[in-house]
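Labels A, B, C, D, E, F, G and H are assigned to the chains in the order they are written; within every chain, residues are numbered from 1.
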Amino acid sequence: MDKSQIEALLVGVQQGKIAVDEAMEQLRELPYSDLGYAKIDNHRALRNGYPEVIFCQGKALPHIQGIVQKMLERGERNILATRASRAVYEAVAEITGEAEYHEDARIVVVRRQPVRLKTEKPVAVVTGGTADIAVAEEAAVTAEVLGNRVERLYDVGVAGLHRLLSNTGVLFSANVVIAVAGMEGALASVVGGLVDKPVIAVPTSVGYGANFGGLSALLSMLNSCASGVSVVNIDNGFGAGYLASMINQM
Amino acid sequence: MDKSQIEALLVGVQQGKIAVDEAMEQLRELPYSDLGYAKIDNHRALRNGYPEVIFCQGKALPHIQGIVQKMLERGERNILATRASRAVYEAVAEITGEAEYHEDARIVVVRRQPVRLKTEKPVAVVTGGTADIAVAEEAAVTAEVLGNRVERLYDVGVAGLHRLLSNTGVLFSANVVIAVAGMEGALASVVGGLVDKPVIAVPTSVGYGANFGGLSALLSMLNSCASGVSVVNIDNGFGAGYLASMINQM
Amino acid sequence: MDKSQIEALLVGVQQGKIAVDEAMEQLRELPYSDLGYAKIDNHRALRNGYPEVIFCQGKALPHIQGIVQKMLERGERNILATRASRAVYEAVAEITGEAEYHEDARIVVVRRQPVRLKTEKPVAVVTGGTADIAVAEEAAVTAEVLGNRVERLYDVGVAGLHRLLSNTGVLFSANVVIAVAGMEGALASVVGGLVDKPVIAVPTSVGYGANFGGLSALLSMLNSCASGVSVVNIDNGFGAGYLASMINQM
Amino acid sequence: MDKSQIEALLVGVQQGKIAVDEAMEQLRELPYSDLGYAKIDNHRALRNGYPEVIFCQGKALPHIQGIVQKMLERGERNILATRASRAVYEAVAEITGEAEYHEDARIVVVRRQPVRLKTEKPVAVVTGGTADIAVAEEAAVTAEVLGNRVERLYDVGVAGLHRLLSNTGVLFSANVVIAVAGMEGALASVVGGLVDKPVIAVPTSVGYGANFGGLSALLSMLNSCASGVSVVNIDNGFGAGYLASMINQM
Amino acid sequence: MDKSQIEALLVGVQQGKIAVDEAMEQLRELPYSDLGYAKIDNHRALRNGYPEVIFCQGKALPHIQGIVQKMLERGERNILATRASRAVYEAVAEITGEAEYHEDARIVVVRRQPVRLKTEKPVAVVTGGTADIAVAEEAAVTAEVLGNRVERLYDVGVAGLHRLLSNTGVLFSANVVIAVAGMEGALASVVGGLVDKPVIAVPTSVGYGANFGGLSALLSMLNSCASGVSVVNIDNGFGAGYLASMINQM
Amino acid sequence: MDKSQIEALLVGVQQGKIAVDEAMEQLRELPYSDLGYAKIDNHRALRNGYPEVIFCQGKALPHIQGIVQKMLERGERNILATRASRAVYEAVAEITGEAEYHEDARIVVVRRQPVRLKTEKPVAVVTGGTADIAVAEEAAVTAEVLGNRVERLYDVGVAGLHRLLSNTGVLFSANVVIAVAGMEGALASVVGGLVDKPVIAVPTSVGYGANFGGLSALLSMLNSCASGVSVVNIDNGFGAGYLASMINQM
Amino acid sequence: MDKSQIEALLVGVQQGKIAVDEAMEQLRELPYSDLGYAKIDNHRALRNGYPEVIFCQGKALPHIQGIVQKMLERGERNILATRASRAVYEAVAEITGEAEYHEDARIVVVRRQPVRLKTEKPVAVVTGGTADIAVAEEAAVTAEVLGNRVERLYDVGVAGLHRLLSNTGVLFSANVVIAVAGMEGALASVVGGLVDKPVIAVPTSVGYGANFGGLSALLSMLNSCASGVSVVNIDNGFGAGYLASMINQM
Amino acid sequence: MDKSQIEALLVGVQQGKIAVDEAMEQLRELPYSDLGYAKIDNHRALRNGYPEVIFCQGKALPHIQGIVQKMLERGERNILATRASRAVYEAVAEITGEAEYHEDARIVVVRRQPVRLKTEKPVAVVTGGTADIAVAEEAAVTAEVLGNRVERLYDVGVAGLHRLLSNTGVLFSANVVIAVAGMEGALASVVGGLVDKPVIAVPTSVGYGANFGGLSALLSMLNSCASGVSVVNIDNGFGAGYLASMINQM
C-alpha cells in the first residue's frame, strides 16, 4: 500500500464509496503484517517512500514465499527480492506468474504494473572491471525498478584512464553516480574528482590476496581525497541503487 | 574564480570591455596555481561547483598561508580551511582581516561576501552524544558556509530513544540528515529507518576500548539494516557537510 | 546426578536404606567420568547447578554417543546437546528413544522427565531479522529446557522501529531479555535503553561484506551506550540462554 | 526524579496538596532537560530504575557543570559521574559541596542522601592483577553507590591459582561476580567454572605487546568455555558494576 | 643419514674398509638432494639432530612420492610426513610397505627400525577439550617417533578445573608439557602456573565466532601471565612435539 | 597492435601503400575496443609497452572468449590469460588452435609468433618451498612470454640456509630476483641482503594458522630490513613477472 | 623462601633446633602474603622453582615498595623487578641499599647473596639490530640473575648474513638461543635452521609502518619454517630469559 | 670502502706500493666492524653496491656517533643517516664538520666528496598531497645522494586529475617513478596506468580515521590494478629512493 493507494482509500471513505469498517479492515495491517518469523513493514512505503524489500540471503524458501504471498495480498504493486538465487526465483514463480529474474543482479522483480520513470535525470553506474558487473547490475536494476533511467559504463578502471576520460559525457550528464570497484577501489576517487554530483561508492570483494574480502577497496573509498563521495557496504549494490534513486528523485 | 566570475569575464571580452590579453592572463592559472609544495585546484569551482577547501592537518603554517594568499589573489570569494587549530587561525588572520574562527568545528572561514542561502530546505545534523559535537559542528559549519540552512539536534542517542522520537519534527522536515555518532553508532540505523531522505552517517572516534578508534561505529554504519544510509570516513564532518550541501542543492 | 539425587542418596544412607559401599560406588564418578577422549564433568550439576552440556561441533559421532551413553548410565535426568546436526540427532537416537530434535536450534534434547518451570517470570528473546532465528532458537530452547518460560519476538530490527515499539509489552514484562542481531547489531542498544532488566546481547554472523563474520555486530554491542547490556560470543545462542536462565532463577 | 518522587507528587495532587499547574511544571521536563549541548534523560530513572549517569570523558568542563547543575535543580538524589579526572571533580565541587572523589575509580559521587543497601547479597569483584584495580574500583564504587554490598578480591590471577582457590569463600557466597583481568583474561573462565552465579567479565587494557589494547583479554573472555559468563567493553568497570547491581537486586 | 651413519662411514674409511671414492659418492648428496621441485635437506640430521620432515599440505602427491623415494634411497632410517591425508598415506604405501598411518594425527610414519626411547622422562600432552585431540595427537605421535615417552591427558579445560587438579600427578612428573587448547586458551596459563617445567602452548582453531580461526587462543597464550610458557603457530602440533622432544632430550 | 605494427601502418600510409581510409579504420579502435562488458585497452601496448593481459578470475567464460576473439581480430601477436582454470583453457582452445596451457602457472598463452628474447640477462625466480611453486611459475611463465630468460631456484627456504648459499651463483648472475615465499617470508630479506639487484618479493598464502591467508609473509616482506626489496600482492606471481620483465629490459 | 630455606627449616624442627610454633609462624604466609592490593605468591619458589617476579608496569610506586618490603621480610634471597623505570629504582633504593639498576634492561635487582652459576652451559642472546638491545638485555639480565652464563651477539640481522655466519661459534656452543628481532623477524627462522637447540623467539616492536607495533615480527616468528622455534609476547624479554633459564637448567 | 677503493688497494699490492701486512690490516675489518652494540656491514658496498646506511630511529645518540666515527675511520666516502632528528644532526656535527641536514627529509648526509651523477636518466618523485612531502623528500634526497637526477612533482592527487595529466611530461621522461600518497593511495594506480616504467609505491600514514596509520593506502597500492607497481613499507621514503636508484643505474 503506497501513498496513492491510501489516499484513494481515504477519498473513497470521504465520498461514501467505501464503508468505514471495510477501510478499517484494510488499514488494520498498515503498520506491519506479523507472520511470526517475519514482520513485514507495510508502513515503510508511507514512511520511506518505497515498499519493503526482501533480502533473501539466509532466509528459508518457505519464509520468502510467505512474505511474497502476504505482500501480494496486501496489494503491493511491485515487489523486489534481492540476493535471490535461481531457487528463490523458482519458489516465487510458483506463487505468481509475474516474477521475472535478473540473473546477473540476483534480483527477482514481481511487476504488477509497469515501472514509470519518475525523473528523466539519469543515474550512471560505472565499474572498474568486468568482474564487478554483478554488483553493478544489482544497483542498476534496483534503480530502474524504483523509476530511474540508468546509464551503464563498465570496465573503465584507472589502469587505463583513457577509457574513463573518453566517456566523461556519461558522467557529466548524470545526476548521481554509482562507482563500483574492487581491488584498490581508486575509481571512486577519480570519478569524485571529475563530477560535481554525489558519488555513491560501492566496494566489491573482487580481488585476491591483500584484498581481504573487499577491505582494500572499502578503506580506499572511505579515505577518498575527493569530496562528495560516500560509501555503502562491500558488495551492497542494492543499497547504492536505492540511495541513488532517493537522491535522484529529490 | 567561480562560474559567475568566469561568465562575467567572457561577457566583458564579448562586449569589448576586457582585452583578450588581459583575459588570457586572468585565465592563465585557471587549471591550478603551482606553489611548488601545493597545486591549488582553481578549476575545481567550475568542475565541482565549489572552490577547493584547505585541509590543514599535516600542513606547515607557511604553506597554509601561501595557499590562502594565492586564493585571495585569485579572487576566491570565500575560503574554507578545515582541521584548523587556533595557530592556523592566527596565521591566516595575519594575512587577512576577514578570517573568522569556529572553534568547536576547528574551521577557519574567510568570508569576503555574505553567504547566501541557496535553498530553503534544511539539512539536519544529529548526534548521539555531547562528545560528538566537534565533528557535528564541522559538518554544520561546512554546510552553512556552502549556503544551506542547518538544524542541529544534539545528544539524542538510542539509549534514550524518546529524546529522538520527541524531535522527529526536525528529522521529517529535513531534506538531508547527517547522523553523527561514536560508540556503537546505532543512531544512523534508527534515523535511517524513520525518514525517507538520504542519511549521511559519520562515525566518530568517540568511545574507548573495543571502539578501536571509531571502528565499531564505522562497521555498524556500513552494515546498517536501514536503506538510504551511506557513510563517510571516521570523524569526517567536513565530507558529510559538503556532500549534504551537494544533495540539498540538487 | 543433580542436587536432589545426591540428597536422596545421602538420606538413604542416613536411614540405612542404602549401604555405604553402594553409595560409595555411586559417588565414585561424582567428580567426572573419564572416557579417555572426554572427561564428563558430573560434579557440574552440584557446582554450577546445571548438568554438563555436550557441545557437538568438532566432536566425532562415536565420541558423542559415548558421552551420552555414560550420562544416561549416570542417571542424568535431561541431556542437552548443542550445535547438533541431523546426523548427531540420529546417532543419539540410536542409543535412546527419548531424543528429540529441534532443527532450527540445532539442539538435541534427551528428556527423561518433564521439564518443570522453575519460575513464572518470562525470558524474552528478540531478533533483528528473520535470518537471526536459528541463533535465537538455540537460546530459546536452551532456556526452556532449563525451566524457563520464553517469549519470542522476532524480526523487530531498528530499520522499522514501530515493530519493536508496538511490542514493548513483551519487553516490559520480561525478567531478562536476550537480544539477537547481526548486521549492525543496534537492536541491543535500543532494547537496553527501553528496559530496566539485564539485556544479554548475542551478535550473529548474519550479514555480508564489512560484517566480517559478525564482527560489526559484536563491536557494536560491546560499545553499547545503553547500560545493563552484556555480550556473549558471536552466534552463541546457547550461552545466552544458559545465562538468562541463571539470572531468571535467582 | 525517581519513582518514589513522582509517586509523592501524584499523591500530593490527589490529596489536593499540590496544584495541577505546579505539578505540570514539575513534570514538564520529565522526559528530558534540553541544554542544547546535552539532553539529560530524566525519564531514565522511571524507565531503567536508575538516574542517568554522566560519562565525563570527552565532555567539556562547563558542559559537565551545566549537566550537574540541572540535575541538582531537578532534585536528583544522587549523581554519579564516571571517567572523571581530578579537574572534573574540582569543577563539580565548585557547584556543590557534596561531591566526593574516588580517585582510584575516577568517579565523582554527589551524595545528597545516604546510600541505602537494597540487598544483603554481595557482589564480588575479583582481579587478575594489581594493575587491574582502577577498573575494578570503577565497578565496585558504582555497585556500592547503587546500593550493593561489595566484596573485593584482588590479585588472584591464574598464574598462582592457589590464591584464588584459597578464597573461594568470597566467590561462593557472592550473588554476582565481576571478573576483571587484562593480559590473557583467563580469570573469567576459571571463575565461571567454579561458581553457579552470573559472571560479568571485564577485559582490561592492562598488558603490552600482543595484548593490542585489551583485545587479547576481550577475545579470551568472549570465547570462554565456561557457561554463565558475559562480557562488557574493555575497561568498562562502570558497565559491569551497573549490570551487577541490576542482577543483584532482581 | 644421521650422525651414527656418517660416523660409521668415516670409521670404514679410516680402517680401509671403504674406498675414498665410494665414501665420496655416499657423501655427495650430504648437503641436500635436488629434485628440482624440492631440495631435501639431508644435512639436517647432522645440523639439527633430526632428519627433515615432509610437510604434505599443499604438495602434489607425485612430489611427496618423489621425496619419500629419495629419502629411502638415501637410507633415512625413519621418515615422518605430517598433515597427511589418507590419499597421501596411500601414495606413500605404494612405494614402501613400511608406512603406517596415524589417522587422528594425520601423520604417516615410515619406520625402518624400531623407535628407541632416548629418555625415560615423559612429555605430557594435555588438551582443553575433546575437539583439540587431532592437534594433540599430531604433537604426541611426533614426540613418540622422535624417541620420547608421552603421557596424554585430554579434556581437562578450565571450565571444570577439578578435572585438571585431580590429574596434577601427570603434570608434575612430566619434563615438558604441551598444552593444546582452542576457544580462550586459558589452559596454558593455568598449567604454566602449576608446573616448574617448560610449557609449550599450542592454540587450536577449535571454536567459533570471535575465535577468528584460533586468534583468541593465540593471543591469550602469548599474553599468558604465567612464566615458562612459549607459543607455536595455531594448530601446529608437529612443531610442539618436535620442540618438546628437543628439550626433553637435552 | 604494438609499436612496430603501428609504425608499419604509418610507413605504409607515407609510401602510399595504404589508403588513409583504410588506415583510419585500422586505427579506429586504437584506444580500446568496447564489448559492453569489457573495454579492451588496445592502447596499452603503446603506453605501457605490453599488450593488455586477461585476468580470468571472476570473469564468465563467454566474456573471456569474446575478449580473446576481439584481440585476435585486432591482430595482437601474443595473448596472455592469467588465473586460468582448465575450463578457461578449453574455452580459449575452441577459438584458436594456438592456445597452450601452463597448468602449474594457471596461464593460457596464445602464441602467434615465437617469443623473442629481448635481453640475455636472466631473471631469477626463487621459492621458499615446494608449495610456492604455483605462484612462482605464474611469475616465471609471465616473464618468459614477455621475452626474458628465467632461472628457477626452488625450495631454498631459510630453514636450510645452505641450500640457498650453495646456489648463490644463480642469484649473483641474475639481473632481477623474484623471491616467492609463504609462511614467514624470510627468504626475501635474506636474498635482499645477498644481492645488489632489485628483489621483487611475492608473499604467498601458503601456510596455516597465524599465516592468515598470507598476511604473515606480506608484513614480513614489507618490513624487510634489507634494502632493494619491494612487494606485490599476495600470490601475485603475474605482477612480479611483469615488473621483473619491465626492469630487466631497461 | 626457596626450597633450600624450607628444607633447612624442617631439618631445624626435626633436630629440635626450631620450635614448632616458630616454624608454624614462618610457614604461615607460605602460600601467599596478602597486602590487599597484591597477593605475593610465596609458594611460587616451591612450585615453579623461582621466586615471584615483580612486573612494575602499571603498578603504583607505593605498591611496589610494599611488595618489595614484604619479600625482604619474608627472606627472599634475590628480588627481580622488571619494566622498572628509574623512578621505580629510586623507590626501591629507599627501602634497601642492595638494589642495583640495569638501565638498558629496565630491571632492578635486589641481590642479597651472590648469584651462583647453576650450569656452565651458556644461553645465547642474539638480536637483529641495535634498537632491539633493550629487549635483549631484559632477557640477558633475567637469565644471568637466575644463574646462567649468557653470551651476547648483537646486530646480526639477516640483511648482512655474514655477520651472523661468522659468529656461528656462539650459536653452536649455546644450549638455548634467544632470538630477538623486530621488523620482519627473520632472524628467528635463520637461527632455527642453523642450530639443534631450542630457539626462543622474541618479536620486538622495533620498526614502523606496517610493523603495527610488532605484529609483523610476531606473525613471522609464529610461522617460522624452522623447527624448534617457539615464541613469547612482543617485547617480552623477561619471559624469554626466564624460559631459557628453565630449559638450560634441566 | 667501496669497490674502487678495494681495487686501488689490490693494485697497490700488485705493484709493490703497499705491503701485504698493511693491506691485511686495511682489509681486517672488511666484513664488518664490531662495536658491540652494532656490527657495521663494511662488506655491503661490495655486495650491494652501496655503503651501509644508518637508520637512526630507536638508536641512542652515542651509538650513532660511534657508528659514524667508525665509518669515517674506515674511509667511507659518503654517509647517509635516515630518520634523523635535529638532535641526531647536532650529534653528528660534533664529530665531523661535513654533516649537512635535510630537515624535510629528516636525513643527515656526510659528504666527503661531491656526489657524481651516475646516470642522466631522471627519477620522478610524485605525491598526492602537500602533507606527503616529508616522505617524498626522504626518497628524493636518498636518490640524489646515490647519484641520480630527481624530478619532483608534488600535490597532484587524483581529486584534481588535471594537475597530474598536465604534467605527464615529467612522468613520461622519467626512468623510474616513485609515487607517494596517503589517504586512499590511488595515485599509484593512476600513475602505473600511464607510464611504461617501474612505479615504486610508498603509502604514507597521512590521513585520519579509517586510514589506520597508513593501512588504507598500503592495501590500495598492493591491490593496484595497474601492472608494474610494487610497494614498500608505509612512510619508507628511504627504501623507495634506494630501490629507484638501483633500478635507474642498471
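Please note the rule applied: contacts are C-beta pairs under 8 Å (C-beta built on N, C-alpha and C of every residue); 3 or more make two chains touch, one makes a residue touch a chain.
Per UniProt, the chains are A, B, C, D, E, F, G, H = PurE domain-containing protein.
Please read these numbers as outputs of a predicted model, since none were measured by experiment.
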Chain-contact steps, minimal, separating chain E from chain B: 2
Farthest chain (mean CA position) relative to chain G: A
Angle of rotation relating chain G to chain H [CA atoms, steps of 5 degrees]: 90
Chain centre separation in whole Å, for chain F relative to chain D (CA means): 61
Between chain D and chain G, centroid-to-centroid distance (C-alpha), Å: 39
Approximate Å spacing (C-alpha centroids) for the pair chain C, chain F: 55
For chain G, residues that touch 2 or more chains besides their own: 159-160, 193-194, 209-212, 215, 218, 222-223, 227, 233-234
Pairwise chain contacts, counting only pairs that touch as defined: A-B, A-C, A-F, A-H, B-C, B-D, B-H, C-D, C-E, D-E, D-G, E-F, E-G, F-G, F-H, G-H
List of chain B residues in touch with chain C within their complex: 128-129, 157-161, 183-186, 189-190, 192-194, 207, 209-212, 215-217, 219-227
Touching residues on chain C, where the partner in the complex is chain D: 47-50, 53, 175, 193-198, 200, 218, 222-224, 227-234, 238-239, 242-243, 246-247, 250
Chain A residues touching chain F - in the complex, by the definition given at the top: 130-131, 133, 154-156, 159-160, 162-163, 166, 206, 208-212
Contact set on chain F toward chain A in their complex: 31-32, 36-39, 41, 43-44, 52, 57-59, 63, 203, 205, 213-215, 218, 233-236
